[in-house]
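First up is the structure itself, then whatever we jot down about it.
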Amino acid sequence: MPYVNIKITREGATAEQKARLIEGTTQLLVDVLGKNPKTTFVVIEEVDTDNWGIAGEPVTAIRARAKASGG
Amino acid sequence: MPYVNIKITREGATAEQKARLIEGTTQLLVDVLGKNPKTTFVVIEEVDTDNWGIAGEPVTAIRARAKASGG
Amino acid sequence: MPYVNIKITREGATAEQKARLIEGTTQLLVDVLGKNPKTTFVVIEEVDTDNWGIAGEPVTAIRARAKASGG
Amino acid sequence: MPYVNIKITREGATAEQKARLIEGTTQLLVDVLGKNPKTTFVVIEEVDTDNWGIAGEPVTAIRARAKASGG
Amino acid sequence: MPYVNIKITREGATAEQKARLIEGTTQLLVDVLGKNPKTTFVVIEEVDTDNWGIAGEPVTAIRARAKASGG
Amino acid sequence: MPYVNIKITREGATAEQKARLIEGTTQLLVDVLGKNPKTTFVVIEEVDTDNWGIAGEPVTAIRARAKASGG
């Protein structure tokens, strides 16, 4: 009865991509640990780039800089 | 000083229902463990059905199938 | 299919008390939101008092002071 | 490689304030534990006041009462 | 920069199995969303069966009953 | 009434260091958002290096390799 929480930045993941994450994660828990998929939950949370920091600054700033530099 | 996080699918829970969840969970922690309600937090998170998976597929798909079959 | 995470300080909650928290929280979700108990998870996490802070200091220090003052 | 999750009520925190939380938390982990900022994540989640309870009632109700009493 | 938290019951998952969960989850995020593995975290938490409830009762009780019935 | 959860690898953080994390994080929320420290929680979770993955492998393996190379 695993519970998986996936947090990603909100940058346009589609319903189809999220369905693949759910399917793949569940299958992984079946394959590796023999878990029952019927009681396996996968919850995806999408977080605004203003609210996610790495290396001390928001992802919004990191993305803006990458764009400015043609990255 | 307990902290309780309740995750549910976003399917129309009302403010009144959420208030009942907050009240009931807090009271349970008082009754069972003698916790101080003043430092008991209950945080409810509502998750889109596209983002919640069970048995390897999104709740959106499960709800659609149930509806199609008259469930 | 709710998921509930209860965090408390590790201060001797018994298996019987934890079973009551699980039962009570699940029943609350059935009563208030009509959730299916078969797909309701409750996960209790017990946290060392050194690792839980409130008002800027660890619970260990708060408990020691309360004890020293006969609290 | 720390991961920090900050949950606050959704009451108007600005992007600039959230950037300061991200910067300050990351710096704290560098200063206290010598962690590498490049692999330090800070995720801020803002929760509606209807969904956050303290002392058994939603923050929405607490705020309304404080306002009514001129608080 | 995804963050994945996997909670499972503490029932003997080996270091090798946990390494496979880490590798598989990270690869899934690369394949489905094109995420950078260098900033992908996977954190596995193992929870005592007394502390995990499903259908209103602890997994400890469910396992004991399954064993008693030869399950 | 913020709630902060700090996850770090279990690699010998002392009670004094954890107290500094609690104090610093709480002060940051007071300084940046004017939060009340009395209802600010900080919960630190220490995770075994086998259970924390980055770049698709457990921290245990990363540490071993760094040590072998004199890192």
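The chains carry the letters A, B, C, D, E and F, assigned in the order they are written, with residues numbered from 1 in each.
Note that in this section a residue touches a chain if its C-beta (ideal position, glycine included) is under 8 Å from a C-beta of that chain, and two chains touch if they have at least 3 such contacts.
Just so we're on the same page, UniProt names per chain: A, B, C, D, E, F = Tautomerase.
Note that this is a predicted model, so its numbers are computed, not measured.
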{"item": "Result of counting contacting C-beta pairs for E-F and B-C, higher pair", "value": "B-C"}
{"item": "Subunit A and subunit B: spacing of chain centres that average the CA atoms, whole Å", "value": "21"}
{"item": "Separation of mean Cα positions, subunit F and subunit D [Å, integer]", "value": "16"}
{"item": "Shared-contact residues (touching 2 or more other chains) in subunit B", "value": "1, 3, 7, 21, 25, 39, 41, 43, 45, 52, 54"}
{"item": "Which pairs of chains touch, using the document's own definition", "value": "A-B, A-C, A-D, A-E, B-C, B-D, B-F, C-E, C-F, D-E, D-F, E-F"}
{"item": "Residues on subunit D engaged by subunit A in the complex (per definition of touch)", "value": "15, 18-19, 21-23, 25-27, 37-38, 40-46"}
{"item": "Interface residues, subunit E side, partner subunit D - complex", "value": "1, 3, 39, 41, 43"}
{"item": "Residue ranges of subunit A in contact with subunit D within the complex", "value": "7, 45, 47, 50-58, 60-61"}
{"item": "Sites on subunit F touched by subunit D in the complex", "value": "1-9, 13, 17, 20-21, 24-25, 28-29, 31-33, 35, 39, 52, 54, 59"}
